[in-house]
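Going in written order, the chains are labelled A, B, C, D and E, and every chain counts its residues from 1.
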Amino acid sequence: MNCVLAEDNILHGTPLLRWVYELAGLFLPCWLSYFIAGFVIMFILVNAVLLGAAVFVWTERRLVGRLQNRVGPNRWGPFGMFQPIADLLKLIVKEDLIPQGADKIAFVAAPIIMVATAILMLAVVPFAKNTALADLNVGVLYVLAVTSLTSVAILMAGWSSNNRYALFGAARGVAVLISYEVPVVLCLLGVVIVAGSMSLADVVTAQAVPFILVQPLAMFVFVAGTSAELNRTPFDVAEAESELIAGYHIEYSGIKFGLIQAAEFGGVVTASAVIATLFLSGWAGPASNYIGWLWLLIKIGVVAFLFIWIRATFPRLRIDQIMAFAWKFLMPLSFINLMAVSLEVYFLRDSSGALTTTDLWIMTVINLVVFAVCIPLFGSLIRDKVRPAQLQPTARATPGATVQQAGGEVT
Amino acid sequence: MPIRTEPMTVNVGPQHPSTHGVFRLRITFDGEEILEVEPVFGYLHRGTEKLAEERNYVQVVTLTDRLDYVSSMINNQAYCLAVEQLLEVEPPDRGKYLRTIAAELQRIAAHLMGIGFFLQDLGTLGTPLMYCFRTREKILDLFEMLCGARITVSYLRPGGVFADAPEDFWPALDRFLTDLPGELSELEQLILENEIVMVRTRGVSTLPLDMAINSSVSGPVLRASGLAWDWRKAEPYDAYDRVEFDVPVAQNGDNYDRFWVRMQELHQSARIVRQCVEQIEPGPVRLDLPLVLRPEPGREAYGRVEASKGELAFYLFSDGGISPYRCKIRSPSLINLTVTEHLLVGWKLADMIVTLGSVDINMGEVDR
Amino acid sequence: MYGLAMVKGLMVTLKNLTRKPFTVQYPEERLTQHPRFRGEEFVWYEERCTGCASCAKYCPLGIIKIVTSPSETAIDQGDKYRLEVFDIELQRCMFCGLCVEACPYDALFMGSGFEQGKYSRKGMFISIDQLRQSEKHPSTFFRPQLESTGYNPHKNRPLDWKEVGRESWNWHRQEKMGMRLASGPDLDNGSAEELEPAGTSSSDGSNGASS
Amino acid sequence: MPFQALTGEALADRLAEAVPDSVERADGDCVWVEPSQIAITAQFLRDDPGLDFQFLNAISAVDFIDSFDVVYHLTSFRQQHKGVVKARLHGRESLSLPSVYEVWRGADLQEREVWDLMGIRFEGHPNMKRIMLWEGFDGHPLRKDYL
Amino acid sequence: MTGEQEFRGIESGPLFDRTWHIDRVEGAAVQGLKDTSVEPLSEPLIEVPDDLKGNLVVTSVDALVNWGRKSALWPVTFGLACCAFEMIATAMGRFDIARFGMEAFRASPRQADLMIIAGTVTWKMAPAIQRIHEQMAEPKWVISMGVCATSGGPYFGSYSVVPGVDHIIPVDVYVPGCPPRPDALLFGVMELHEKIKKYHNLRPGSRNVPGGTLAAENP
């Protein structure tokens, strides 16, 4: 038997799948080899994400430790590297509680859906030239579709737990996810317009100049939006340990909690990969034909470090302020970005609709100016929106401010 | 057309990461907004006042350590002042200075805790808290030199302090005072003008001054509402009449101002310690009082200090025996909570946590 | 405004990233406590102790249990005591040091160690045998005579009972002669065995606190 | 103007003028007020511009076996003085005293505490729940007869 | 009842007037616990008979599982009193409990393995502590930190203080001190590690011990 992947198959552009499919097709029926090819892809994906999550957990705990001027986990294994393994081992053998009054099906399904979304997102990211595990021609759309699944999972988790804090967390989480989806989609539109394709592989090749320079505003909005969707500080209201104890996953224990954590940290890794691909030109770099994957890894690391750094530094916003930030700050910014990019592309493109590197540089200059104008402008506009009232400035300690002086102030 | 929503009553505490111990609130929420609040106390009520009636005057010092366990020195001070009022004695000068130094160091440590946990409640991943603790550990090392313990110090005694500072204390204190401004400025850079902190705390849970006074609120919370009242100025005890310091006052009485006042007081405390180090002279540190004290019967005393949380006072009544006949503790943390309902109602769940942090309560003192 | 303060904050954490950690890695590295540190143990010199139970009376919790018997060696001066039991309840002790403050003969010292985790509450008391046998690294808490010698219990050798007192050891020997010291340069080592316990009087050290 | 303590006599003079029959006796430290008059007295103490006791420092209660003293420590920020007012309750059973909650909100938790630990009820206080101990606790532990 | 309250569906009267019955029920629970918890519970001791001490064998799977458990002991965020500050100090930069993988303080008891009773346990708090302990998923451990939790300590004999948390929940390791230094707590944690290493996990009843049983006896 000789199986050949049809031209119109959505995964035709994925070499690994095609090779495995054709290789297995030599010995097995086509349906089975298609299944095996898919399984191989999934196997790699799941392991990559889980391993990525484990590495990220270790890195985060060590780095946060150092940012806080302490050591971090260093006792189990070299540099404490076995720490995530120990965590996982312990969570697997820990008692798995399902609270009374919980909706069992939703309660069990929620963490699985969370992990699934984190894993699926990585599928379309090209690791190097022609090495996306699934090179979809609608890659960008797929990323958006998959990330919005998380909101369903969070709602399921929070609602099924039969716990008021969990419900609070779920309501917050869903509100945040839905709000931030909008500016994220809008700034992805800008990326798609410049790249001229929805396939992530094409987005990478279109970045003769990295899009962080071409569309700084889009990058800013996208990173802010992603960190909100990932529930990371300063937008981590869904978990909000100091307020909601653990938010939507308050009732989860054992391996289910482990899955939620894996999804959370794996999500950061995959989101970093998507950001690196969309804005930092993915695997492209010197000698990218040979070490494209290394470039991608480095870029993922940089973005992940940014996430860790921000998490270790900032406090959390309140839910209404997060909403205001999304709708009153990020939304207009993403619209401006979309308008600017559309107009630029309209005037700069040649007859075939393509953009040259020079065009990109021109756009860079214009968009940087837009960025520099818009952020302070909208910053000052939002200032009065998120703060309820204009207040007197706080007084400085006046030298010699004595009791006698202030005695008259009593009303 | 507003949507009708179901109110939901939630128990916050006694075990909740941000109730600063075992405080409990019953809250009716409408969505995230707080409609009604009922604070529930007593989860750390240990009967200190009763136990104090069974111990002699010096032994009670060990109980006062455990009231507001982040400012033990100041608790000791309030109690010792009360006993000294009963006995009508005054400690020697060096003792007074050592007390002042210890109390001000403790105030720095306590305010750092207040600030650190306030920021923790704001949702930082512990970074400012870690920096606060880093400075606090150095203060605790100094305490270990003075009295051999980190938290439950029992350093002060009626009539002075139990022992002079060891010789290596002074260079260590000097080093600490040299490092302190740098560490504080780091903390200020990190968080004092951070936009997120501003947005989260300015204008939130304001406490008007007349309400603050009528509700017997004291300490930084009162000063944040606009009254420059500090018992160290009004009724100077120990060495406070010999040092210069300012009383930081803020205007708005919101969460940010309470936090800001504490930040400013750190500098003032350091200033007081520096002056004490300059002024202190050799001499005895403790009056030669008997181990078992017997004040005259029928006397009463109201020993009052400006503690880190507010006005801390011990009301002692003596019947001539070896233990206080009545030892009432006027605890600032409890009385500052009188305004809980006013501060919380109408704000959101997230603000509630932050407001509790900014009032800076300590359950050991609230429940005693 | 405009996020500049946030950037400043980010710079602070970044600066700390490059700093040496503040951490003392406990089991391998240890903080050195000050000589005055009140550890979670006690150092007791039987030779110095007269069994007066001042410590037990002064203990706020009444957790020092002392049982003595008359040594019948100095009846004229009101008799001296031999120690039968000197137990300290570790499970209730708050290590405030008031017992050390109360001891008129410098027989009781705070210890300097603190590693006392136990699996069972039964084992949580310090018995007279443990006090006798333990290595004596007295804390200088409330003992100015030790502090002035620069003694550091965490670094220096264990101290003998003759070296720790406020007074010269000769004074103390004379004071204690009545009860025949168990050891000393000019005393027979075996003399302790010669004494026979005659009638055991008990003085439980609990005061009002435990009522 | 240095901070000073008002003597009981001075307080008693002012009180006797404004609220007749309120003063029981006075000495150098404090003034004893007729218990039933305490709320009215408090109102006067707070509102009189010469006394101006806006700040209630503490409410303490002392058990003297046959009687109870309730002690009010007061401060005026404007007039820079402090004063002590006491009310003596006789007997041990079903003691009560008018609440000063309406005058000083700061009395809220303190009066609840006195009720919980000493067993003195405050009439007019909206929320006389136990504050430190649980409902169903037998007795009031700070009384001298509670062992 | 104002129109606003009616609109929002709030019952009449202030909240504290509507919670009397809850207070009474909770008070009765506290009083009931106080009346019944007169004896300490048995301690989950591991006692290995002398003749087996030489050849104590834990299977490799057990060793692996035990290693995982001891290396990732997540404490529940739970501080009661003074000791809580030393517990927090242990988690902070100077002592850094993160080195043991324990900085993941879980606020939700479901996700925690270790409960550090840091401070005085009052009778009013006791039912809450019991409930948190029940909410924790097996396997779980308890460290009684400080003498207040161990025996009531300075507050022993007070009308409102539990004379030892082992009257209401079983305790694995006692750390004396008032409060214990952070290093002393770390020492207690390492003792707990030693204890965890001895568990035998594969038999039914997951807290069996090779060559011995969990001794159940009163101290």
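Observations, loosely collected:
We adopt the following convention: contacts are C-beta pairs under 8 Å (C-beta built on N, C-alpha and C of every residue); 3 or more make two chains touch, one makes a residue touch a chain.
Everything numeric here is computed off the predicted structure, so don't read it as measured data.
Under the contact definition, chain B and chain E share the contacting chains A, C, D.
The set of chains in contact with chain A as well as chain C comprises B, E. If each chain is reduced to the centroid of its CA atoms, chain C and chain E end up 30 Å from each other. Averaged C-alpha coordinates give centres for chain C and chain D that are 47 Å from one another.
If you average the Cα atoms of chain A and of chain B, the two centres end up 43 Å apart. For chain C, the set of residues that touch two or more other chains comprises 1-3, 6, 9, 12-13, 16, 21-23, 25, 60, 94-96, 209, 211. Contact with two or more other chains is made by residues 14, 16, 92-94, 96, 99, 107, 124, 154, 157, 159-160, 178, 181 of chain E.
Residues of chain D in contact with at least two other chains: 3, 54, 77, 80, 130, 132-134, 141, 146. Interface residues of chain C facing chain B in the complex, by the touch rule stated above, are 1-3, 5-6, 8-9, 11-13, 15-16, 22, 33-38, 58, 60, 94-98, 101-102, 110, 139, 141-142, 144, 147, 208-209, 211.
The touching residues of chain A, counted against chain B in their complex, run 64, 67-70, 164-165, 168, 233-234, 236-237, 240-245, 311-321, 386-389, 391-395, 397-403, 405-406, 409-411. Those residues of chain A that touch chain C in the complex are listed here as 63, 65-71, 74, 309-310, 312-314, 375-376, 379-380, 383. Residue ranges of chain C in contact with chain E, taken from their complex: 21-27, 30-31, 40, 60-61, 89-96, 114-122, 124, 209-211.
Against chain E, in their complex, chain A makes its touches with residues 61, 65, 68-76, 80, 82-83, 85-91, 93-97, 241, 245-246, 249-254, 257.
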